[in-house]
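The same chain A turns up in both complexes below, where it pairs with chain B and then with chain C.
Entry: the complex of A and B
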């Protein structure tokens, strides 16, 4: 119980720090949203409108930093993330709400698939070290070294532009109305297949290599030899003794990578023009949309924090040694 | 499966109680390390016999091949170790003999733990850290006797723990919650789960303090008398072997250089290396004497010179020792049940008498 309490306090502190930094970062960026908007509109907005825009955005009040900070917290606790400058007057919370499920759905599923495939393949490669299986390692290293955007562009060029098998951008057929119908879901899967494929291909190698190396390390542990000496079936030794211990570091990096699902897919969403949170963040940064930026950062930060917590819990669940202070 | 074969046991183990009843026979076992053109010969044609009910001590310095012998005989040798020749004959409970090195994987798996169990050196690392003791005791039982009910197996696990003096409520513990001595006891309990005929103990107490060493070994010897298994005890501590073993085999540089009844090795070593080994430990009885040790270091097995591997360190080395490898044979005194691999004992080679130390 003390273990749990200490973790909770730790995460509360971290969350507070993250949210506070999140408050300051946009305020330290150069430029201001009104000039950016005017620049983007390229003279289609009368320069006389500048003052009214400032009032509209709430930038005319000359509040001190502390008051702004308090106000920020007050709104945050009500779930109010403010209004977006670029999509005025849509609330930031709505925009985040719209884009988040796309990212979580696509990248989350892809990450889980990559983890499962990679860890299984890594276990087998590690167990069969010193055989033909080792010849697959350079392939894995290659895929791990390939930059993601290059892989994404090649995939689009080959599978979408040349072969025309898959659409190159978007998240569903624009002719359909979003609904829980077979047709719409099919379309989402069809459009999501290419981005998911690239995410899986580019991340699976990391899981394979990590698991394989841990398997090799664990396989030389005494308890694995003991398991052999006990005459246990090979599968039981491989899964119950070797892989069961080798997977521990994998699990913590998996939970961490789940946190990065939300924030780390910017490039994928840009390459595929996928309407996720990464794409939204990219737009927000390029238009100095402070509230939207803050909203995105907040969601990303919280996601990483939650993932960390999950990692902690999963680790405690899987490794009895970390639980000792609990007793 | 009841320990009825204790009939051959006596409370005072008589030397080579039943010499004609070998339970484990290692014949000309050779092991190389490395797959290339120039592998290192770590074991060279080692032969060793373990009789039923016997405690056989295997002594020698670090790196002489004691553990390799244990791993190779059970086919647990990790790469790059490679068994290049030999046979390991195990006599089953039913009297059938089988060569462990020739068994199929499935047969080998069945024979492991049921006939031959091992306790390893590292008390700390021999248990799977993520499973409870109970599960690790049970999985071996269930793997060999799949029809055992779980509750039955659990009961057996509790019984095993009590056997080694650990209370049964420790079943629910994880390895890290036990002390080193307890972990090694758990390992011993685990090794006895299927009442094996042969228990190989590879320096089972090196990681433990002296008091714990003694307790655990005494316990094993007591269990041996009750359950009637045979023991191969591997250690560098000759004085310990003199106390608990029936017979001792002394290894040097991957070969057995002397085998004899334990107290004979102690009182009348026949090989200069055995004599040197005994001189490196304080005597258990009698007046204090200066510890001598053996000058030099064990040879590099990958660059082995011709002749006797001990010759460079041997105080009695002759010219022939540097040229010709001595083979295991009778002693100069032609004693029953003793073998030694030393040119000093080869008749016709020694000019005068045996050195005094080896002629007692």
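Entry: the complex of A and C
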């Protein structure tokens, strides 16, 4: 329980830090793009909306920094992230709300698949170290070093433009109405296949390498030798004794690599024009839509924090030491 | 045979270093050895590789090989600057946290864990997009400022295990000052960890910078490999089947990344002897007909007769 409590406090602190960073970035950076945009919008923004933008970007010269900060928090707690410039006057929160499920689905499915495949493959590679299996390592290294988006470009070029098997952009057939019908879900899977595939292919290598190295380290432990000496079947020693212990660091590094995977997935959405939050961020960046950018960052960070908390919970369930140790 | 030579005898490390040397040379000499000016338009629009243009041309007839050769400098400089700045911060935070202990350690490691958990790429995008001009160096510093946490975490763990060792205790008993303990006793033993953190950060910086250029945050007039991909993506290179436009630039990034990862592999094998004994000796074991088994750690060096 102590372990979980500590983690919850830590995540609360991190969330506070992320929100505070989000508050300070537009105030600390030189230049003031927002005033210019507000000027261009003159007359088209009603006073309430203008007020919330001023709070977001610190254009209230008459208020002290502390009052601005308090005001900013008050807005966030109301769920108000300001108004988008490009999709004016849609609130940022609405846009983010629409795109978030797509990203969560894509990242969630792809990450779970990559984690399972990578960990399994890694334990087999680590178990068979020093044999032909080691020759697969350079391949994994290569995929770890490839930028996500380039792999996306190549998959589009081969599987979608040349072979025509999959659509190269979008997230479902535009002729369909979003609903919980078999046809629509099928279309979502069909359109999501390529982005998910590229995320899996480019993130699986990290899991493979991490698990492989842990297996190599774990498998010279005494309890593995004992298990061998007892005459247990090879498979049981590998999965029940070695892999079971090697997977723990894997789960705890899950939390840390998640941010990286999410970053990669955002770029992948930009490449595939997949209507998730990454694509929204991309549009925000290319149209200088600052409130939308900030809203995207905040929501992405909070989502990653929640996912991390789930991973920690899983870790606490898997590793009995976290439950008994009084630290 | 001392440790340093062993590092260089490792096949992976040699491959990595050779590739790195090649790209460094490209970065140094780029503008002089490029066959064309990368901005010079010509009549051969979007032409496939030929004798005149080894890697073909883009939609305005600019030579793609020249863009790659000239762009190498942008990529490497950003990687290096970001790597150095992140490593410096990482060493400062990590070693201090590990050495000081107590409340200082708690707060510093909480800080680095926060930076680890907050997704870096969106943060970098957020900062870079709001800067008035996001040139190469600015981007490098932003990447460095956000990417130090991983190194700090690893260094802290390593310092923790070092600071109670006998030689440090002995130096402390001799009345050495704290900064001397850190500089002379602890830091030299962290070299490998620092090096591997540095290489990892350079890789991360290269990938982030290329990504930023690809989505068009950095000025598109600064040539780097991401800029080439930016132009390719925005001019429908994929749909037009202009593979020579986006394949070589991406392959260069992948090659550079692989070289860095290979060097890191070598460093890892030095730090973790168990990886070394399996990695380095797989072939010689096979030659002698020994099948490596689990729970069986081959001895690295045998007595020479």
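As a convention for this text, the second predicted complex is superposed on the first by the 261 of 327 C-alpha atoms of A that agree within 3 Å, B and C clash if a C-alpha of one lies under 4 Å from a C-alpha of the other, contacts with A are read in each partner's own complex, and residues count from 1 in each chain.
As a convention for this text, a contact is a pair of C-beta atoms (placed from the backbone, for glycine too) under 8 Å apart; a residue touches a chain by one contact, two chains touch by 3 or more.
On a predicted model such as this, the values are computed, not experimentally measured, just so you know.
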{"item": "First (chain B), second (chain C), both or neither touched by A:101", "value": "neither"}
{"item": "First, second, both or neither for A:13, with chain B first and chain C second", "value": "second"}
{"item": "Partner chain(s) touched by A:318 [first = chain B, second = chain C, both, neither]", "value": "first"}
{"item": "Chain B versus chain C as contact partner of A:225, first or second or both or neither", "value": "both"}
{"item": "Contacts of A:186 with chain B and chain C, given as first, second, both or neither", "value": "neither"}
{"item": "Which superposed partner A:26 touches (first chain B, second chain C, both, neither)", "value": "second"}
{"item": "Partner with the higher number of touched chain A residues, chain C or chain B", "value": "C"}
{"item": "Set of chain A residues, in rising order, touched by both chain B and chain C", "value": "130, 220-221, 225, 228"}
{"item": "Residue ranges of chain A in contact with chain C within the complex", "value": "10-11, 13-14, 17-18, 21-22, 25-26, 29-31, 33, 127, 129-131, 134, 138, 141-142, 144-150, 153-154, 156-157, 161-162, 168, 213, 216-217, 219-221, 224-225, 228, 237-238, 242, 255-256, 258-260, 262-264, 266-267, 270-271, 281-282, 285-286, 288, 290, 293-294, 296-297, 300-301, 304-305, 308"}
{"item": "Touching residues (chain side chain B, partner chain A) in the complex", "value": "74, 76, 78-79, 105, 108-114, 117-118, 120-122, 125-132, 139-140, 143-144, 174, 176-177, 187, 190"}
{"item": "Chain B-touching residues of chain A, taken from the complex the two chains share", "value": "130, 220-223, 225-234, 236, 240-241, 244-245, 248, 318-321, 324"}
{"item": "In the complex, chain C residues that touch chain A", "value": "110, 113-114, 116-123, 125-127, 129-132, 150, 203, 207, 210-211, 214-217, 229, 232-233, 238-239, 241, 243, 246-247, 249-250, 253-254, 256-258, 260-262, 265, 268, 272, 274-275, 278-279, 281-282, 285-286, 291-292, 294-297"}
